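To keep things clear, I will list the structure first and then write my remarks on it.
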Amino acid sequence: MLLLTLDLLGIAVFAVAGGLLAVRQRLDIVGIVTLATVSGLGGGWIRDVLIGQIPPTALADWRYLAVPLVAAGLVFVWHPQFSRVDPMINVLDAFGLGLFCVAGTLKAVDHGLGPLPAALLGVVTAVGGGMLRDVLSGRVPSIMSKGQLYAVPAMLGAAIAAVGFSATDLSTSVVAVPAATIAIVVRLLAIWRGWTAPTPGSVRS
Amino acid sequence: MLLLTLDLLGIAVFAVAGGLLAVRQRLDIVGIVTLATVSGLGGGWIRDVLIGQIPPTALADWRYLAVPLVAAGLVFVWHPQFSRVDPMINVLDAFGLGLFCVAGTLKAVDHGLGPLPAALLGVVTAVGGGMLRDVLSGRVPSIMSKGQLYAVPAMLGAAIAAVGFSATDLSTSVVAVPAATIAIVVRLLAIWRGWTAPTPGSVRS
Amino acid sequence: MLLLTLDLLGIAVFAVAGGLLAVRQRLDIVGIVTLATVSGLGGGWIRDVLIGQIPPTALADWRYLAVPLVAAGLVFVWHPQFSRVDPMINVLDAFGLGLFCVAGTLKAVDHGLGPLPAALLGVVTAVGGGMLRDVLSGRVPSIMSKGQLYAVPAMLGAAIAAVGFSATDLSTSVVAVPAATIAIVVRLLAIWRGWTAPTPGSVRS
């Protein structure tokens, strides 16, 4: 029950961020609903299809679908208010990121995948929705190019979770809580201190 | 047999529209074949993967694959003629839209999904191919941003079909015919009267 | 063992090409890893999901995942050297193309698909990773529009392989070697002689 609540909360935050991007790109209500849904649920859909959890949980269970629809409606009406609390959304988004990378890894391990694939799927769960959102809105996915570290904290959390779940006898929460916490803290530090990912050296184009 | 014929007809119309877009974007024969195939079959592929109908019907059955290939060939040779009847293609496209949103919903209900997920998959069936086509041709999917109502009629038809198939004892055709008709009529009215989807209020960018 | 080695070699070449594109687009290390992985493994993932091989081989087996990660690391450090041998990468890429279109077709036939769907999936295996890479980097997939024949050699190889595997009693290698060779030779000739795919006649935009 706690897990479901956290999951839906993470989806809601991602959906609001996706809906706000749609507003900024001057899309209509269909665009807002589409980007909110894809942002909130897309990562989980990709993961579930790849591990064979078909139909995906976030498709078969109407509560998962209702969250981005409600989020899209709220953004449509109150987007000026949401835009004003943009920094707070970034902080909430960090919690969604930490939660999703660990939950995605756990689900993949439960489906019998080894640590490396499981960690990859944890990262996909956390960042896949945002990548789909960016592709649908005609942008190069922001995680690949600019701004503060985003995928790297998810990789850290997923890697710790994958090793902890696969190679130790520790209980789920003993692994999950520190893994998610590390991802969240690194993400928040990256926002606060402006950390970016390394880029390659001089480029001849 | 009637259903198969209608299905293939809808695919053909979508494939021709996709091929014409490729011509307008000055793509080569590979681009025309790709966009025709993706436009005609993409929505059904996404739906089938998400409901666990694997391999997708439109992949395992060669007749489904042959239709967009033939459509691409016809567009390659006769695209000036097709472009001239563009308005007629819009009307045929409306029939494809109405047919696909209802057929997709029915298939999802048959696979055990509830009304909300089934309606979503009906919409994906109807508009997914067009979204893939737009993404592959480097454009923001047109359903999200401009022009006359497109996704909304599909949502209407899918919602009516989902409730009818899930919550009533009515026979398939008693639900399907009115649901598809409403989607088609609303889409045609939207073209005729220039109806658009609501956009959010003043935006600070 | 030979097959696995060839497979991993093809993935490595595709991954290096994807990583170099990321460098040229000034993406960061996350972008390089993402484009290298998607370029090397994306085509196989799409094929495996569509034929029901879930989880995809290239996800469950850590060796497949390790190859693009290593390739991305090498590109990050030595991209000037790699860029200098660009023509050689094109030649290696032709071998990857020929290998993948035949291997993908064979896998689809083994999963019970008919010749036309199997050939399509062979082509998807060969060009799907590159299409995903182009979409993620904000470009119209290059196979659809410009440069020397790329998808057409893959289609040739896949078509020969599909007929050979489905309709004859010949042993696998008796079909696979000539089919792959033809794809490779046609691709190399296209590079050498500048062959392009036909484009439609005069266009009114």
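Letters are used for the chains, namely A, B and C, taken in the order the chains are written, and counting of residues starts over at 1 for each.
Basically, contacts are C-beta pairs under 8 Å (C-beta built on N, C-alpha and C of every residue); 3 or more make two chains touch, one makes a residue touch a chain.
Everything numeric here is computed off the predicted structure, so don't read it as measured data.
In terms of which chains touch, the assembly is arranged so that all chains touch all other chains. With rounding to the nearest 5, the Cα superposition of subunit A on subunit B corresponds to a rotation angle of 120 degrees. Put simply, the C-alpha centre of subunit A and that of subunit C have 29 angstrom between them. Shown for subunit C are the residues that touch two or more other chains, namely 49, 54, 135, 138.
Note for the complex: subunit B touches subunit C at residues 22-32, 34-35, 45, 49, 54-56, 59-60, 62, 65-66, 75-76, 79-80, 83, 135-138.
The part of subunit C that touches subunit B in the complex is made up of residues 49-52, 54, 111, 113-114, 116-117, 120-121, 131, 135, 138-141, 143-146, 150-152, 196-205.
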